[in-house]
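Have a look at this one.
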C-alpha cells in the first residue's frame, strides 16, 4: 500500500487535541480516588457494640486462605477474661500481608463477620516484618482513610458481609 | 470454519524451520560466521513483555538466528494447585495470565462444573460472558498500548491505559478487585451484580467505540505504522495451524476459527457477533484483528447487558449446598447451613473422579484446562494449555528476513504474556 | 465411536463428560497420530499433557453428593470414603488433545500409558507444535520422547535436578513468616 | 593578543571589540544551556499534556525546578564505567559531544545588534564568511563523540547503537547539506548574517525554498536522532543505544549535546528559512525565540505521534527520497537563480 501522508496527519490532529483535554492523572497523595464499596483492601477485625470481639478463634479464615497467610491461636474465654462473645477467642491473630492475595476468602469464610477486607489500600511498608499484622493492628481503626463510592448505588441488593450482620 | 482463500500469496509451502521447529538457526551459506553477533534480548529488556529471553544472532541489523528461552517466570502454579482444594484453586488461574484474568478463571471454573455436572443459573452465564468480553477488551488494550509503544508510538500507551482503567473500574465495582477477582465460582458467581453496574457499563459501551476510532486515527493510516507492520512476521494459514496457533494470530493468517463461534460455550450461540478474519498473516493483520475484536466485544457486552437487565432479581449461583457456600443470612439461623459452610471451607467440596479438558477463547487464543480429579477435594492434576506458550513457538517461523526492529514488532504481535508462558 | 476403529494401536475408547478418549498402544502413537491427522482431519494439536498417577487410589475418596443426577454416598456411614478411584494401568499417562479444525470441529484425547523410564515416540513430525509441549513434559515429568529434535529443559534451569511435577517430588518447606509470638 | 584567534579579532564587521565577543559567547552558552534545561522540561510537559497527563509538576511551581533536580540527581550519581571499556575514549566522548554541540551556536545571528555605552554589540557571537560550513563541519566532529562512546563502552547494544548513529548521521548529513544549497544559492552567501539580511530584503526563504525547508526538517530530525528517526537510541530495540553503559553526568552530557544539537538545528532552520530574527513589532531576539520555540514544539509533537522507522527504511528514505529531492531542489534553484 502506498504511504498515506494525509492519514498520517490525522494522527497529529488526535495528539494535538489531547492538549485541551483534562489530564487523567490523579494527583495521588493529595487526591484519593474513591474505591467502590466492594473493594477489598486491608483487613479489619471487628468488635460487637459492647466491646467484645466478634472473632471466636475458629480458624476458618486460616483454613480458607489460599496463600496460608493467616495464623490463629485460640484460647478459652474465662469469667474474668472475656474477650469475645463466644466460648473461645483468638489469642493470636496474625496476617502476613506480604503473602495476602486479597481474594477475600477469609471474609467469605468467617461465619461471624469478624474479619472483613476494608477499603484501605495504602499498606506499603519498608520492611517485611512490618507487614505482619497482629491482632491489635487489625482491631484498631486504620489511620489512613480512603473515600468510598456511594454504597447504595453499587452494592448488592442483599448486603453481604461488608455490612455488619 | 474454513481457510479463507488468500487474495495474495503469503509464501509457498511451509517455512517451519527444520529440524528444530522453534529455533531459527544461522544459515551458514548465507551469512559469514565471523560477522554474526550474538545478543541476548532479555530477560531484562524494555520490550520483552516481562522476562522473555531471545538469543538472537545478528548479521548487521538482520536477524540470522533466533531461539526463545523461557522459564524465567516459572512459579509452579500447576504443582501448587495440586495441594489446594478446588475452591482455593479458583484464585490461581487468573494469576497465570494476569492480563486476561477473568477468562482463565472461567476456563477453570467450567472444568470444575463439567466434572460436577452442576447447573449454572442463566444470570451467571450471561454475566460470565459479559466479564469475559470486558477482559478481552482489557487485554487487547494492554496489547495495543504496549505494541505501539514498542514500535515507537509512545502516546498510544496512555490513551489505551486510560480506557483500560475505565474497564477495570467495572471489575472493581462488581468483583471487589481490579484484577484477579475470583468472581466466578463453581456454580455461578460469587456475588450478585451491583445495581450501579448496568448504567456505568452502558456508558462505557458508548465511549469505547469512539476510543477505538481514535486509536485507528493515530495508527491505521499512519505511513510509518503501515511500513513497520505490513508484510512483517508472515505466517501462512498452514503453518499457523501446524504450529498450533490460536486466537488473533490464527485469524490474522486467514483461518476463520473462533471457539466462541465454532464450539460455543456459555451462551455465545445466542449473541450476534462477527469473527474478524484477515488473510495477510502479518503484524498489520494481527493488529486489525485485535481492533475489530474489540469492537465485536463491545457488541457482545451490550447484548449481555440487555439480557442481564431482564434478569434482575434472579439467582446468580446454583442452589447446591454441597458445592456452593450457603447464603450468608442462613449462617446464623440454620445449623445445617453452618455445617455445610464449615465443610466446604475446611475440606472443600469433592469433585467426582474423571478427567476433562475445558477450553475457552481467551484474548490470546485457546486457553485450555486439563483437569484430573480422583474424587477428592483437591485436583489430582491441573494443566493449562497456554496460548502464549504456543504463540512463542512461532517466533522463529515468523522471523525470516527480519531486522531487529521487526523482531520487536513480531514478538509484540504474537502477544505473549510471560506469566502464562511459564506458569 | 466407529470413526476411531481404524486408528492404529487403539486399545480402548472411553468417553465421559462429552469427551472421547482413545487409549493408544505407546509404541504406535506416531502411527495413530498420523492416521488421525491425515485420514480423520485432526490437523490441530491443542495440548500434550502428561499426568503422574503415582499414589492414585491410595486413599478412599468420597463420591460427589447432590448432583442433579442423584446421590452417590457409597454406602451410608462411611463418610463416603468407601470407594477408591479406578485403578490406572501404569504410572504416567500422556494425553494428546487433538482438534479437528474444520466446519464440524471435534476434539479427541489420545492417551498413552507409560511406566517410569519408559519412552514414547515424539509426535513433532506429525504436529510441529508438540515441540515445546514435549519439552515441557520432559522437564516436568521426565518422560523421554524418542526422536524429539531438541529434548532439553524448557521451564527449569538446565542443571535442575528432578522433575517437579512428579508426585514424588518433594514440595517446598518454606515456612510462612509470622511474628513468632506464642 | 596573539593568543586570541584571528577569527575573534576580525569578528565584527562593524568593529566590535574582541572581548565583547567573549563575554557574549559566555552569555550565549549559558543561555543555550538554560534553554536546553527548560527544553527538557517543556518536552516532558508538552508530551505529558498530549498523553493526558501533567508531566513533572512536583519540583517547584509547575515543576519549574525539575531541570535543576535532574541535574542534582545526575551529578550525585556514581560515575562508574564498565571494566572492559576503553576508559580514555569512554570518558572523553561525552565531552567531545557536548563541546561541539555548544560550539556551533556561535555563528547563529539572533538580533540586529545594538550600541550600548559607545560599544557596538552585534547580534551574534561571530560572523564568518563560511558560517554554514562551520556548523556542518563541527557537527560532523560531534558525531565522533556518539560513535566512540558507543564503541568504547564495550556493550553489544551500545555498539549497535553507534553503528546506527554512524550510518544515519553520515547519510542524513548529505541530504541536510544539499537541502540548504538552495538558500545559499539564493542569498549568494555562506554567512548566516548575510542570509538573514537577504531574507529581510526579499522574502522568507521558506516560501521559495519550501521543498528545501521540508527536507531540512526531516534530515534535521534524523541528524538529531529524534523520533521517528531515533534509531540510534531506540529504547525498545537497543535499550538506550550508544549511551546504554553511561550513567550520571556522563549520560547527562550526551543527553545535553543531543538537545543542544536540536536547539542549534532549529535555530539554523529559523535563520535559513524563517527569516532569522526579523519580524514586526517585537525586537529581534524575541522573534528569534518565538520561531525557535515553534520549531521545537513541532519536534516534540512529532515525537508524540509517530512510530519509529526501521533501519533499512530509514536508510532508503535518506538516500532514495531525501537526497534526490534535495538535489533536484538545488539544481532547480540554481537554474532559476541563474535564469532570473
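Labels for the chains are A, B, C and D, by order of writing; each one numbers its residues from 1.
As a convention for this text, contacts are C-beta pairs under 8 Å (C-beta built on N, C-alpha and C of every residue); 3 or more make two chains touch, one makes a residue touch a chain.
As the structure is a prediction and not an experimental result, all values here were calculated from the model.
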Going only through chains that touch each other, what is the minimum step count from chain A to chain C? 1
Where are there more C-beta contacts: A-D or A-B? A-B
For chain A paired with chain D, centre-to-centre distance based on mean C-alpha positions, whole Å: 53
Distance from chain B to chain A - Cα centre to Cα centre, in angstrom: 27
From the C-alpha centre of chain B to that of chain C, how far is it in Å? 23
Which integer distance in Å separates the CA centroid of chain C from that of chain D? 64
Quick check: what residues of chain B touch more than one other chain, meaning two or more? 155, 158-159, 162, 218-219, 222, 224, 227
Quick check on chain A: which residues sit in contact with 2+ other chains? 8, 11, 14-15, 18, 24
Okay, what are all the chain pairs that touch? A-B, A-C, A-D, B-C, B-D
Okay, in this complex, where on chain C does chain A touch? 176-179, 181-182
In their shared complex, at which residues does chain D touch chain B? 47, 50-53, 156-157, 159-160, 164, 227-228, 230-231, 234-239, 303-313
Seen from chain D, its contact residues with chain A in the complex are 46, 48-54, 301-302, 304-306
Would you mind writing out the residues of chain B in touch with chain D in their complex? 37, 39, 45-47, 58, 61, 148-155, 157-159, 162, 218-219, 222, 224-225, 227-228, 403-406, 408
Hey, which residues of chain A end up touching chain D in the complex? 8, 11-12, 14-16, 18-19, 21, 23-25, 27
